[in-house]
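Chain nomenclature is as follows: A, B, C and D, assigned in order of appearance, with residue numbering initiated at 1 for each chain independently.
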Amino acid sequence: MSTTLAYPPPSSGAPPRNYLNASYLVRSWLLTRDHKRIAILYLFSVTFFFLIGSAGAVLMRIALMSPNGGFLQTETYNKLFTMHGVMMIFFFLIPAVPASLGNFLVPLMVGARDLAFPRLNLLSWYLFILGGGMVLAAMATGGVDTGWTFYTPYSSVYSNTNVIVTILGVFVAGFSSILTGLNFVVTIHAMRAPGLNWMRLPLFIWSTYATSIIIILGTPVVAITLSLVAIERAFHLGIFDPARGGDPILFQHLFWFYSHPAVYIMVLPAMGVVSEIIAVFSRKRIFGYSAIAFSSVAIAVIGFLVWGHHMFVAGESAYVGVVFSGLSFVVGIPSAVKVFNWTATLYKGSISGQTPMLYALGFIGLFTIGGLTGLFLATLGIDVHVHDTYFVIAHFHYIMVGGTVMAFMGGLHYWWPKMTGRLYPETWGKVSAIIVFLGFNLTFFPQFFLGYLGMPRRYHYYPPEFTALNVMSSAGASILGVGYLLPLCYLLWSLKFGAKAPANPWGAPGLEWKTASPPPTENFDVTPVVTEEAYTFHLDQEAQ
Amino acid sequence: MTNHIVPVKTYLRVFAALMVLLAATIICAKLQFGVHGFAIGTTLAFAIAFIKAVLIVLYFMHVRYSPRIVWIVALAGFFWLGILFALTLCDYLSRSRFEGAFGY
Amino acid sequence: MSHGNSPERLAKDDGGHAHQFDDASQQRNAAILGMWTFLCTEVLFFGAVFVAYTVYRYRYPHAFYLGATRLKFWYGAVNTAVLLCSSLTMALAVHAAAAGRRRSTVRFLIFTMILGVTFLCIKALEYHAEWEDGLVPHYHFNAAQFTAPPGPSQIVPAPDYAANVELFFCFYFIMTGLHALHMVVGIGIMAILVAMALRGRFSARYYTPVEVSGLYWHFVDIVWVFLFPLLYLLIQFD
Amino acid sequence: MNTEFQLFPDQASVNAAHVDALVFFMLGVSLFFIVLIAGLILYFGLRYRRKPQDAKIIPPPPKSHLGLEVAWIVIPSLLTVVMFVWGTRIYIRQARAPSDAMEIYVVGKQWMWKIQHPEGRREINELHVPVGRPIKLTITSEDVIHDFGIPAFRLKKDAVPGRYTTEWFQATRVGQYHLFCDQYCGVQHAGMTGTIYVMEPAKYEAWLSGSIPEEPPAQAGQKLFASLGCATCHSSQAPTMAGLYMSQVNILDRWGRPATAIADNNYLRSCILDPRAKVVVGYQGNLMPSFDGRLSEEQLVQIIAYIKSLQFRAAPSQAASPPPTQPLSPSTQPSPLLGK
């Protein structure tokens, strides 16, 4: 393993050369193969898609304030929830943490100069943009009204909206995600720094690795399944059409084979982020490192065995329903283990309540609620009642918004100094973290009640007795919106006006903090050699 | 991953085996196997296909001479495909049998 | 060494490597692992269609059997042989590349391409014959031919019986079409390899692209090895 | 129906009480863990917060504690086993309708529910049922997937085109309750709602007779059975229908091997629509024509109701034993379909 200087040291006087000031040409960004620049490209793209998806959510929440559906037409409402789902799931939640933070951090954390296949990495971003563009084009030219689940035969025969283009967009984005996962797996296997064995890897790497396994093995299935729907529509075949011998339940099997594990694609990297933050802001090695590491892999594997719990009332056999219910409980255990381990890490730590830590602690609380309500959905008798109601909506928003987005925000603040070389304003950070937490709970907690009362999802108008809870939820959404807009403003502000960040502002032990902020293009002046376990704190790492 | 060079003779032997197996498939397809013809014939056809695939993977694709990680990756794809097959068919195979028993 | 501003450039014959790797062997390992990982996704990609096909074949065994009897068995058998031959020539191309024999590498790559094109031509002939026979779903599907199978009694078969045969042909065209698409991509890759080999880009120390493309080609071959019994060798159950 | 603000839904069926009991158990467990985790986070966060004078202190790394780690794997696992078993019992009880249940047929289409009572009365988007009596719904759809959900009964089931699904309930409280379509089915999905009227049995009878009764489905099915010419064969060359419903039938399964099937709704439906899917042993030579496309979903349901009405109450027999005029067996006589 080479330990020579990877690039010439900066000449004195000039500002140190880093990946951001290496070149300012637009071309140098659009043709970059630097994983850090691609991460920034992803960060901007997912933020853009997040804003589009959020706009859909805002309009829906306004419409749902009145039981007759407010100012929207029903067709429009249906297209909005489809757009919200497709954008948020395929173009924000799935790539958010892995493709932006993960792209930036994986090579840094394993002590490599780049990902294994930088050109594939760039291609992956272009595919992502192409896919997103196709979906946006489909939205702009009339929209889609199938819901993000594209259930047949509605999507394949009955809907007369832009299903094919949307599906192809999701298909292309799927390949983007496969390329990213492939890059991570190979990088983590083949390019770790000397001394960095598996049990010394940061937990973020473990969770990214587990995520990549799911991406690689799950995404192709949904890609081909959705293509079959597109083919069925385009060529008038009867693959899933019951009128011509097809079985719509088969579509659901193939769809959920990916789309349930996709939930773990979204939340596993978030768990990795939280593990990093909890350790650093308690200045303690994470309690039960190996339990957390292996539980990530366990979730990745068991997560593939539970998809049928989306189909308990769909007409799958009662026998297989029992099997899937049992397996669904099993996948809850590794998640519970993680929560207990994070909590135990705090014990006798030196806890600093800075913004990333607030987000991480919020994550644990909200993820706990999301996980426990998941048990209700795994329970056959109860799922029959709450399936396809707002209970499900509330549950998965607790996991995805309360979990993934909280962790994404926490991670963004935590690594912001490293990515941009600037510090964000701490007070604003704390204030908006608290606003997000409160707004989130006000938005989604009432939906548990709505769901148990029986309000179905994807309803544009509803019986009047559900009004009060819906209004509460919409009120919460407005607070949540403020909570998201504030960071957008002050983070952009800090790019120009923020204080210069030191190499290691948090006193964190990871390899990514051993190089400059922002890092040079080649990441490390000297290939690092790892001699300790992850999260071994030393006084010389003290915040500067 | 060592740079193991497989002798040409090995390739030719594997190829000969593949052609023999192909001939066997064709013969099996043209034979009638009596009472359980369907089960025997189908099993044979897929067993032969499986052996062919294993030969190609082990020799042409050099897995036999590759480190453990390549074995694991190669098996992982088929293992996950197995999950998809098993649990999906679990539904279809149990439908008729249990629909009566559970009352619908 | 190729660090610096042009990190991706590969040194020619000295077993050079891209900047992100420490040495050529790490790069080769990464490339091979990467291709295997990609093949994993391909297994699931084809696998999902196989699962759908299996479910329907289990549901409609009669119709699927009848559909299979209308396929051109010998076209399929000959194509299997052609593909197995191409796998051999591909393996020999990798072998020659590993030994640093450029001319031999090029020759075997071209053999492989020719066999691949032969496969596609036979497939095209077969598709043509199926169009003539009215077996192409929706566009040229003659359902009437599946309404009166020969038998001792005067049966009026189910109208959706023909639809089930049509379902078989949907899967036939989707599966073989996907496979043919992969063949086309493989032949394109080989054309690039030939060009690279002619320019002397490979050596006994650096031939990873040939090796990795070989893995892909063999995988496409394996898919056909399973497609053949799956589509052509359906057995009458009586 | 309760149109006031409420936080907990009406509990109006036997099943609803079972589900709620389990929900309260799980809520208790969940609350315990939420309070535990949130409490510990708050407590640790305050108790061990970094004070300015601690800036230079690195706390010692955690010691591993096997007992603790085992405990928090085992205890949640045991709790989930309880939830699993309890929830599955409810589900299985709910999957098996009592044999004396009154059967009502439900057909969903974009965007309405068409319902027919055993006595013939039809309704749209409304379902009147007597209190205290088990009611079995047989559900299908004419177009896309719908879902027949009744929150007050803690019940829902998808209406899948091309097959029958069922659900059953026993209402315990007189009143009006919501009916929702719970599976997104197109533009007016939110409008595919209705009302369940649970009535005293006497009032239900009055309601039934309150209008001109339409033909009961079984009776309509009998007429169809005659007019379509079914009766011609299903007395001599084809299996008789008497006592067939829910009996065990010897058939040739998908693989052409002898097998048995229960002659339930889905079996009868597939026999009518695709007679060769499951051929009764001994009748391979004389397959019935398919009626696919010639019968509406409602007519299909009526024929099945008629077949059901022909059940023997005593001495259930093997309805499908081959008549002596057709001494064929699968080994000697290949199915004509395959005789190529």
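Keep this in mind: a residue touches a chain if its C-beta (ideal position, glycine included) is under 8 Å from a C-beta of that chain, and two chains touch if they have at least 3 such contacts.
None of these values were measured; they are calculated from a predicted model.
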item: Chain separated most widely from chain C, comparing mean CA positions; value: D
item: Centrality ranking, top chain (CA atoms only); value: A
item: Dominant interface by contact count, named by its two chains; value: A-D
item: Centre-of-Cα separation between chain D and chain A, whole angstrom; value: 36
item: Whole-Å gap separating chain B and chain C, where each centre is the average of the chain's CA atoms; value: 16
item: Residue list for chain A, restricted to those that touch at least two other chains; value: 189, 217, 221, 247, 249-250, 253-254, 257, 318
item: Residues of chain D whose C-beta touches two or more other chains; value: 92, 95, 165, 255-256
item: Residues within chain B bordering two or more other chains; value: 38, 69, 76-77, 80, 84, 88, 92, 99, 102, 104
item: Chain D residues within the chain A interface of the complex; value: 2-9, 18-19, 22-23, 26, 29-30, 33-34, 37-38, 40-41, 44-45, 48-50, 54-62, 64-65, 68-69, 72-73, 76-77, 80-81, 83-84, 86-92, 94-95, 110, 143-145, 147, 149, 151-152, 154-158, 160-163, 165, 178, 180-191, 193
item: Residue ranges of chain C in contact with chain B within the complex; value: 25, 28-29, 32-33, 36-37, 39-44, 47-48, 50-51, 54-55, 58-59, 73, 77, 80-81, 84-85, 87-88, 90-92, 95, 98-99, 214-215, 218-219, 221-222, 225-226, 228-229, 232-233, 235-238
item: Residue numbers on chain B that touch chain A, as the complex places them; value: 69, 76-77, 80, 83-84, 87-88, 90-92, 94-95, 97-99, 102, 104
item: Contact footprint of chain A on chain C as seen in their complex; value: 3-4, 7-8, 18-23, 26, 29-30, 33-34, 37-38, 40-42, 44-49, 51-52, 55-56, 59-60, 137-139, 160, 163-164, 166-167, 170-171, 174
item: Contact footprint of chain D on chain A as seen in their complex; value: 69, 74-75, 78, 145-147, 149, 151, 153-154, 157-159, 242-243, 247-249, 282-288, 291, 312-315, 318, 321-322, 325-326, 329-330, 332-333, 336-337, 339-341, 343-353, 361, 364-365, 368-369, 372-373, 375-376, 378-385, 387-389, 449, 452-465, 467-468, 535-539, 542
